[in-house]
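Note that the chains are named A, B, C and D in the order they appear, and that numbering of residues resets to 1 at the start of each chain.
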Amino acid sequence: MTPLLEIAGLTKRFGGLAALDGLDLAVAEGEIVSVIGPNGAGKTTLFNTMTGLYGPDQGDVRFEGQSVVGLKPNQITRLGISRTFQTVHLFPNMTVLENAMVGQHCRGRAGLVSSVLRLPAQRNEEERIRDRARDCLSFFGGRLSGYRHDQPAFTLSYANRRRLEISRALATEPKLLLLDEPTAGMNPKETLELTDQIWRLRKDRGLTILVIEHDMRVVKGVSDRVVALDYGKKIAEGTYEEVAHNERVIEAYLGRKAAAG
Amino acid sequence: MTMARSELRRRAVRAGLLAAVAIVYLCLVGMVQAFSTRNIVGGNLPLSRILLLLPSAVAASLAVRPRVRGGVTMELNMGEAAGAGASIGLIAGAAVAVGIGIVNLIGQEAVRGVFNAVTSALMLTLTLQRSTVVGTAILVALSTATGALFALAGVLAPRLRRPIVTGLTVVLLMGMLQSVVRVMLVQLGLATQWLYSVTFGGLTYLGAVASFAAGMAAARLWALRREAAAADAAERAEAGGRPRIPRAMLLVPVGFVLLALPALLGTFLSAVLGQVGIFVLMGLGLNIVVGYAGLLDLGYVAFFAVGAYATGVLTAAVNSGSSLHPGLPFLLAVPIVVLIAVAAGLLIGGPVLRLRGDYLAIVTLGFGEIARVLVTSDWLKSFLGGAQGLIAIPAPTMSVGGLHIDFRNPQPFYYLALGFCLLAAFVSWRLANSRVGRAWNAMREDEQVAEAMGVSTVRYKLLAFACGAAIGSLGGALFAVQIGSLAPSSFVFFISIQSLAIIILGGMGSIPGVIVGALVLVGLPGFLTEFAEYQPLIYGAVLVAIMLYRPEGLIPNVRRTRELHEEEVEQDAWLEGVPEPAPSMTLGEAVE
Amino acid sequence: MRRPSWFAVVTVLGALSLVAAGCAKEEGGGGGGGGGAVDCNTVEFGCVTYAAGAPIRVGTLLAISGSVATLGLDSQHGVSLAIDYLDGKFDGKPGQLVGHPVQLDNEDDLCSKQGGQTGGTKLASDPTILFVVGTSCSSSALGVADKLLGDKGIILISPSNTAAGLTAPDQHNPFYMRTAQNDAIQAKVVSDFVYTKLGFTKAATIHDESPYAAGLTGGFKTFFEQAGGTVTDEEAFTTIAGGGSSDFKPLLTSIAQTKPQLIYFPDFNPECALIAKQAADIPQLKGVKLMGSDGCNASTFFDQAGAAANGVYLSSPIPSPGASTSGLLDQFNAAYKDQFGKQTAPFNANAFDAFNVVAAAVKKVAIENSDGSVSIPRVALKDAVFQTKDYAGLTGTLTCISTGDCQAPLAVNIGVYLSPDVPTNKPGSEPIFNETITLEDALGSG
Amino acid sequence: MADGTTEVAPKPTATVGRLARFPLRKTIQLVIGIAVVAGAAWGAYRTISLGTFTGAAWRDLVVFGVAQGAIYMLIALGYSMVYGVLRMINFAHGEVFMFGAFGSYFVARVLNDHGLINSSPVLSIAILMIAGMVCSVAVAVLLERVAYRPLRNAPRLVPLITAIGASLFLQNTARGFFGDQDRGYPTPDSLGGSWTILGIPILRSSVIVIVVAVTMVAALTWFVARTKTGKSMRAVAEDKDIASLMGINVDRVVVMTFVIGGMLAGVAAVLFALVFGLVGPFMGFVPGIKAFTAAVLGGIGSIAGAAIGGLILGVLESVGPALFLTGLKIPGPNQLKDVFTFTILVLVLIFRPGGIMGTGEPEKV
């Protein structure tokens, strides 16, 4: 069986610096894979390249067997890859519900004419979009439900903004979800909660998840497999235990720290 | 709690100085003198005198408003207010007096070498047509008295103040709109001499009193209605029911008034409303591009030109200055015009897809200029008429049961414009509340994220340009119909600014805002033709003032308001300490 | 207190209008009268009736604001003086027309189509307006104000519209006329001057995208090529106020490549002055003569162009020489200076004549009613104006022709200004060339 | 959590359409680019093969263009500096320029009345420059204080619209104050005529404009690179918040930026007035728009970019109509020069969105 996601020889350079350098990675359906590595290792660049924000210089990204290189971000989202951002990027002045409804955009078809005439098909679709958006928000229980639906997103607390971003990504109905440091800025309680929720995303929704994370407890808690990057190359891959004790990984983290100190 | 004396003094001096700057500015820029011939009431109250006293009045009534400092409201008593107002008026009056003195010292000729507006006529206006010393003294006294009076009005209870202010405003408006109202009454076959003086043109004293009373009565009625409505709402909230009258029902009287207007207002006012209609269309179109999609287009006049010229060329049946004159009927031409405009929108939108904000602004400005250059050019003269423009554009006509309707006549034209506006407003409204509108919104807020969430920014940007172009071209088509001939000098950058000012004043993204914006910025100057010269100045001031003090516009769109006051709301929320709802899951569940 | 609002407002408004209606019927209305040949109730467009002592209302639709205000205000002053002179003397006190005072309603044509439309609609909507003097700018009238007012049977008579199109047979509106000279005349005279007097056969033209300048350069081209000359280059620029550049050197260099003997630029200032100044800086234009028109011919040209004004030919249409002998022109000029100061544009005398031509016709057709009111039938008034023949006006002996041109045979002076400092060469000095022709002459040859 | 509370949405299997990978936008833009360049090349070929223009004429056109471009350059620097520091387009900069010209005009009139303009031209030009600078700086600083400072953290469209409003307001204020007729600006007689430099006769006024402009650009480059204020300007341009944490007074730096922009505009205004001999309330608008275009063209925020953009624009406006349109027998080619201005702007931005000297990197998420 072909893996859901297959990355082969992916290379992306900025000027002379290779942010990604011949990276290979495969993710099977239903897996949760963590990507770790020191700052500047190329983790976010990996996400950006996969989702079409950057075009790779070399290599290929195959999703469900077909290459997504050269597609625009919105097309890739339509194929079933969705993501969150390292620094939260919501639509701050739209309401919570509207944010999630934007996620549903790629699953709708209503265009200019049907929107203006409000044809039955468009009305049904609007209804469906609303229902699904509500459903995605309800994933976090009461945190984003009820009166919160009509609040503008910028009034949310930091943790809730992260949750809304995940809900919005869920609303695109992805098969593969890319989470970029989902627990950054959360307190330990919230972090624990989110760890559990990442599990549930797979259990309830059948998602395959690729997660960038710094918090090793989270990595340990969620990962089926861990991939470590440094200088855009894969330096280790395996279970949490294997990677955590890999010498090159330790060196990569400590070496950077030593250099910085 | 009353205010510390020193603080009061500081505030009065500050307000007085601001009023002084405003008066001196109004004199030097020529506005005072320009309005000296329009008598408002009788022969002794021309608009120029009102303008001279207005800054003191406004400054005084604002300066004495209660302020909240550190959670404590500070109010003034009547005596303090009158004193503060008098000093504000005195400072402002003294500034004018000093100005008069300086002019007399240096000599009028020398001053006029720099400031054009300092003429002997202006000096006479300032000294109230009297000798310099006496006139100046009277002016200062008047200014002081005005300051004191308006400061007193400022501390009155709102339920007393509002009717008075409304009454005065009505008198002022009736006086300013004298020729318009007079013509309207004459057309309705009503008498005017009791209301407007034949000799002075302005209101008679009887007319002024009647107008004031009408204003007071209207304000009172409005207040009563508000109270009733509030009581109603409270009752409804208790009962938890829906409004007694469905909102849609309110449209019936509104629609009735809209339909009846031309008959009530007569031809001239209908013509002005027709012009307002043209700019409502321009505003609605630009609103899609700027308000919904967030693409600042400074060359919107291009679509106006496309609409007008395409209509002119397509409907002309005889040689109109263009070698093409197919003579299509208007209704057949309009869809073609819209298609041409959409093509133009895509042509402009295509190359600028990657550009954002400021870059987009300058490039679209360039496209607007290119449109103007092309319609003027000798190169395209044989198609578009060049500098001489197009003439003999036929008016659409219709025959209903033997009644021949010519849509160039102001009243039928009003209905044509109304129809187009309703259509455009409907389309805008439906789009705003749909998947398309949501995509535009998302794109405006964060283009890259919107794209990552599956919104094709290329498609939606082009769609916004195309919709904006289509609606704007309808405005152009109406313009061609209304004027019947086109000159390239009508298609200048100022039209783009005018459209922008309309949506800024009304509130970006707000459809009622566009209508109000067009009424204020296009309608009022249409009624007050001597303001035409100061129209650009007033537009500039409006743009700056709105952005500084009320960036969401007069009739804001909810989301825009949030955007512009994001910081404040955040602070408020923090102050109020909005509690986080309890987590829906116990800690135990979350722990492995 | 349930729903006081709407009903109350409507009731109050209704009551007010009833009161107003009660006071109505004092003025206006049918007028009834109409003795003599005309029955006001049946004749097309009816009559305007003014009650005893009520003022006759006359509109003006002139460019009275913005950068062209000098043009419109100047004409407005001409009309005011005409009202002053109704009693046969310039004494600052208004005279009366057929026993009624005259009241002016001054509107602004903004020198644009929109202005013509707004002002025209406003005046056309007032049934008490007898006739309108205007517009200042041709574009405000053409197809806009002429039609709006004409549709109501209101005469529009312009002191300063010069565009040929307004009185072209296929475009002329029956209620439109003018006392300003048709551009065709000036273009013809300039062409004659350049071809015959100077003996040049190659000329280039520059217009400023205004209908006036484009009309003159177009007319010049037609006449000049008929005479046998060649127009080597036709250039145009956007005015500075309209968004154009102040740098004419590239444009002049381009023109220089076509080797004309003369450059004709019938534009306005400051562009005329800039062209004259910068042409002096182009070595390849050495020996090439420059020629402007009445648009350039203003004191600002000499101020701004300085020494570069030397040797520039300027044309200037003037009232025909016979007119000033009556002494009226001198009186008029003195009164103008007395009441309004410096004359800012050349069309005040045309405005004076415009008012008077119609006033004379009013005297012919006005019907005095028994109650002291006066009725003026609109169509008869128009016809009477068109019958004007050899009327002794300020600008000459005026005759109206069927396409609305009410003009004296026009003299066009062409002067050359050797130095702005030599008083004799200031505008209004002795022309080096002058030609007096009628419109028929000009058009007949073209 | 109970199962089945959330219905798992059916997963659509979207497939990539055949044309999905087709770079539509790039293709459109490439086609436009090629069409314009090909049209221009064809026009130029026809013009040159017609041979109406002499070599001297081309040389003159280039020199005129460079002189005009030098003025654009000076104004463009003001736009660029403000943009660099505040990320806003000071649309009213053209009016700052205009007020500078009026300020110096009133001084020039006094000097002329005393005959100083002709008797000591160098001194009077220096005085005029100072007068122009003072006036422009005053207007620029007032503008910043009243209209822009309260909006420093507002969404980006807000200050831009304010600036457009301020531009309109200032323009019409000047019109009300000083009248709408242009006024003749007294110029020294010695400024007329030309000097021959390297065998090319160049108008004296052009030489002065070019020399002053180049000097100012050099001085500004030095100022920004070397002085303390210049360095803090660069720091604020990088990141306002961090700069203020580093102890830089951001308000002061912003005011300094407007002061310098105003000074450059004042100098440009005096040069403009000396070359064309005119001042008027609308004189700032067109040079302002052109300079703004030049700044964007060169890469807004960059000093070298403003200089290069100004020069390109000046030369293109001067040479373009003659070179590209004469051969195509298009009547009134100079009428169409704004079409060149904005076409080159669009072309450059299509291929280099940051302008010629700018960076083309997309914003980072």
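Heads up, the rule we're going with is that a contact is a pair of C-beta atoms (placed from the backbone, for glycine too) under 8 Å apart; a residue touches a chain by one contact, two chains touch by 3 or more.
All values reported here derive from a predicted model rather than from experimental measurement.
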Problem set entry | Chain whose Cα centroid lies nearest the overall Cα centroid | B
Exercise. Could you state the distance in Å from the CA-based centre of chain A to that of chain C?
Worked result: 73
Seminar exercise, completed: Per the C-alpha centroid definition, the whole-Å distance linking chain B and chain D comes out as 31
Exercise. Roughly how far is chain C from chain D, going centre to centre by Cα mean, in whole Å?
Worked result: 41
Exercise. In angstrom, rounded to a whole number, how far apart do the mean CA points of chain A and chain D lie?
Worked result: 43
For this session: Specify, in ascending order, the residues of chain C that touch 2 or more different other chains.
Result: 66, 209, 234, 236, 238, 243
Problem set entry | Touching two or more other chains - residues of chain B | 369, 373, 376-378, 448-449, 452, 458, 563
For this session: Check each residue of chain D and list the ones that touch at least two other chains.
Result: 289, 331-332, 335, 338, 362, 365
Seminar exercise, completed: All chain pairs satisfying the touch rule are A-B, A-D, B-C, B-D, C-D
For this session: Spell out the residues on chain D that touch chain C in their complex, using ranges where they run on.
Result: 52-54, 56-57, 60-61, 64-65, 68, 180-184, 192, 194, 201, 203, 272, 276-278, 280, 282-283, 285-286, 289-290, 317-319, 321-322, 326, 331-335, 337-338
Exercise. Touching chain B in the complex: which residues of chain C?
Worked result: 1-6, 8-9, 12, 16-17, 20-29, 55, 65-66, 69, 105, 107-108, 110, 112-115, 117-119, 121-122, 124-128, 139, 142-144, 147, 163, 165, 170-171, 207, 209-211, 213-215, 234, 236, 238, 242-243
Problem set entry | In the complex with chain D, residue positions of chain B that touch it | 25, 28-31, 113-117, 290, 294, 296, 298, 350-355, 357-359, 361-363, 365-367, 369-370, 373-374, 376-379, 381, 448-449, 452, 458, 497, 500-501, 504, 534, 536-537, 539-544, 547-548, 551, 563-564, 567
Problem set entry | List of chain A residues in touch with chain B within their complex | 51, 53, 72-75, 77-78, 82-83, 85, 89-94, 98, 101-103, 105-108, 110-112, 115-118, 122, 125-126, 129, 140-143, 148, 152, 154-155, 157, 160, 168-169, 172, 189, 192-193, 195-196, 221
Problem set entry | For the chain B and chain A complex, residues of the former touching the latter | 426-427, 430-431, 434-439, 441-442, 445-446, 448-458, 463, 467, 559-560, 562-563, 566, 569-570, 573, 578, 580-585, 587, 589-592
